[in-house]
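The following blocks contain the structures, represented as structure tokens.
Below are two complexes that have chain A in common, paired first with chain B and then with chain C.
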Partner chain A sequence: MGYQLNFAPVWRDFDLLLSGLALGLVMAIFSVLVVGNLIGLAAAFAMTSRSTALRRIASAYVTIIRNLPIFFLMLVTFFVLPQQFGIRIDKVQAFVGTLSIYAGAYLTEVYRGALLALPKGLREAGLAIGLTEGQTRLWVILPVMLRNALPALSNNFISLFKDTSVAAAIAVPELTFYARQINNNTFRVIEVWSVCSLMYVAVCYLIAAGLRVVERRLAIPR
Partner chain B sequence: MSKPVLEILGLHKKFKEIEVLKGVDLEMEPGDVVSVIGSSGSGKTTMLRCVNLLEDFEQGSIRIDGEEIGYTAAPQRRRRKESEIARQRSMTGMVFQQFNLFPHLSALGNVTLGLTKVKQLPKAEATAIAERWLERVGMAERRNHYPGQLSGGQQQRVAIARAIAMNPKVMLFDEVTSALDPELVNEVLNVIKSLAADGMTMLLVTHEMKFAYEVSRRVVFMNQGRIEEQGAPEAVFHNPQSKRLADFLKNAKF
Partner chain C sequence: MLDFTRFFVEIYPARWAILEGVGMTLVISFLSIVLGTILGIGVALSLVYGGRVQRFAVRAFLEYVRGTPVFVLILACYYLLSQLVQLTPFQAGLIALTVFCSSHVGENLRGALLALPRGQTEAAKAIGLTFRQTFVYVLAPQALRQALPAWINTASELVKASTLLSVIGVVELMLTTRQIIARNFMSLEFYCLAGIIYFLISFSIERLGRRVERRIALPS
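Moving on, here comes the complex of A and B:
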């Protein structure tokens, strides 16, 4: 007696899976591309700055956060903050906060690498025409550095998007959470997890393809 | 005698413990073209970078049009505010050995950036000025090319246009042909010559002796952080007074 595939229960709740996927994407985009990016840029500039204090703070942040598992960080945020410090946050906020801090540490390294790869003469050329340090950063360093960082950024974005699945453990209603729920309610194990897998793969593939288009669009002609 | 446009007085500069400038004095009048020659490590480039405020210096002063740059006048000598330094930097135009064009901007964009962001000119006016200078250095037809699409000589000509478009009081050239293939050197030197003929004040660090001889009003020989000898090109090249200059010229290529 073989296992009879039956996708009907999965399709019945497919809108749940879709809404879970959408929540995961929204959380990733906000945490990684908005907050994480800002943290990463700021910390990367801090790490390459002349101030020892700034360098130490930024490097302590990266060392600590990058060396802790995101699952652990999420549990700390979700359980310790409210209990010990009385900070009331819901589970989505807790996860978005966790992912932002976590992504920031990875993106710091991405941007630090991109900054170090720039020729020293670029900054000097900006200064030499009379731009201030800040203007040089804004009009010269950032545009060149961001382009160089784009391949590594898309790689990290995909990886961090997949990390949204750990939020299922604190009942954030994202894709993995709903997949498990459908699995528990219907016992359609193979069906639900294969559909869910395909959804992750398809979305990550599309993200990568989309970012490659952006890369090509922004590429410096040579 | 007209008022000097650039005065360097007792300039001292150390990198850590090593003193690379040990009291340099130099004066330039408007329209002067001065070439600085000397072996590597003699301090020529460092002096130029001090004038552009890309290097700190511990002692001495640099004045442009009578204005003390980089630091407030002694005895309360302290480094000026960053915005002030940026303004003073734009009084000199620097051309680098490695061109250092902004790779993400077209030739035109490279020249207009300073005009729009530093001089805050409207875009149309900045473009008109940039196009005029690109034309002047023979790069008008390639104004929409990016640095990566240009040869070294072409990049360096754009870099000259970028610096001079800011209307600096003194142009500084730091071994601007050293990174170029031999066949591209002349197109850059010709541009510099024609700017000299127009009366642009220029301070050049160069290894091109023939060019220094032809273009300069004065040649300065630096050795171990000091100006060892200076004078008209004929005097410096044909009748060196110091043994060090004589030795240097013996080994230099013309």
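Moving on, here comes the complex of A and C:
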């Protein structure tokens, strides 16, 4: 097995890999922390609301999305929407849309858990000082709940960031896509995949460490 | 939009292909869960009871696999191993999913083992059990119960991850679906069918898990 390690082809295209990594991060941040978060919060409040219809809709959304593979959802968004409904979307938009809806379902579970863990007295206290139901939610419940949800949120964020690699299958130019391209062009199999996976590992570590700092900063002092 | 008459005309010649696809999805998920669990038990045991070097090596392996997306694992296994030894996509995919599963099971079981109160080991020692007996009769039954919910989760995760194997050419449900759609362009109908099947598999794993959990829960 005369395999000689030669990292030169990988370093030559390292900026491509870095740009892919950046795209993956941007997609993850936008669709998880922005859109997914909003969906998650809305659905979590819907799930704990008094209206049966809202509860049903939110829990159907969560159950369906959580039991479907992201790869499947992505293919449906990318192929079915344009073909059957004439909605023309770009592959990056298709993936960001998919990841947002997918992330929303996971974050709903996170926030629902955090909401249920809150003591009842919190809402009552808000109402007692004369805030309306909506104000209590926004100014009393939400800040406490978000801080409690942070550890679970960061776990989910990391795992959803790793899911951005799936986008390579519809040719979104992110890290895995470029790694595969370099692999196919140069056959430096060991080099390219070890570099690619180490980049993912490193970024996951950095995200975890960064979020842990945020967590400690925002932790509710006891 | 949905055209049911044509759907039934088109699904008839594809019926065996779809069934084979479902079968392949189930077989590869099942095999990787079984093999991954065995490997994962080894991982957990060496993390908890191993020597310093073993612990370090296994921890490094675990952190590496857990930080890498499954899709990268699958592609890496496929390209890497097919260059070193001749492997079919099925074998490469099975290895990737097994490694992925073992990392999840290992971490989960390690947590469960460490969460057991020390008194359990001490009590077992006090009544004269050897280490092996302690593990088999005292620690394992409790740790396995503790680890069960997360294990079920891993199982349904694996079914979902198996869709990615379609990219390296394992003809499971996803690839079958794409092949059928490539022939008749009925993307909405056949993706819906695939979605329903995946949902049913994953949902029933979850439900089954909840039932088993209740059945074997530690009486408190």
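Going forward, the second predicted complex is superposed on the first by the 220 of 222 C-alpha atoms of A that agree within 3 Å, B and C clash if a C-alpha of one lies under 4 Å from a C-alpha of the other, contacts with A are read in each partner's own complex, and residues count from 1 in each chain.
The rule is simple: a residue touches a chain if its C-beta (ideal position, glycine included) is under 8 Å from a C-beta of that chain, and two chains touch if they have at least 3 such contacts.
Please read these numbers as outputs of a predicted model, since none were measured by experiment.
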Chain B versus chain C as contact partner of A:53, first or second or both or neither: neither
Partner chain(s) touched by A:139 [first = chain B, second = chain C, both, neither]: first
Partner chain in contact with A:64 - chain B first, chain C second, else both or neither: second
Chain A: partner with more touched residues, chain B or chain C: C
Touched partner set for A:220, first chain B, second chain C, both or neither: first
Partner chain(s) touched by A:131 [first = chain B, second = chain C, both, neither]: first
Partner chain(s) touched by A:147 [first = chain B, second = chain C, both, neither]: first
List of chain C residues in touch with chain A within their complex: 1, 63-64, 66-73, 75-76, 79-80, 83-84, 156, 159-161, 163-164, 166-167, 174, 178, 181, 185, 187-188, 191, 194-195, 198-199, 202-203, 206
For the chain A and chain B complex, residues of the former touching the latter: 119, 121-122, 124-133, 135, 139-140, 143-144, 147, 220-222
Interfacial residue positions of chain B with respect to chain A in the complex: 52-54, 82-83, 86-87, 89-90, 93-94, 96, 98, 100-104, 113-114, 117-118, 145-146, 148-149, 159, 162-163, 166
In the complex with chain C, residue positions of chain A that touch it: 1, 3, 63-64, 67-72, 75-76, 79-80, 83-84, 162-166, 168-169, 176, 179-180, 183, 187, 189-190, 193, 196-197, 200-202, 204-205
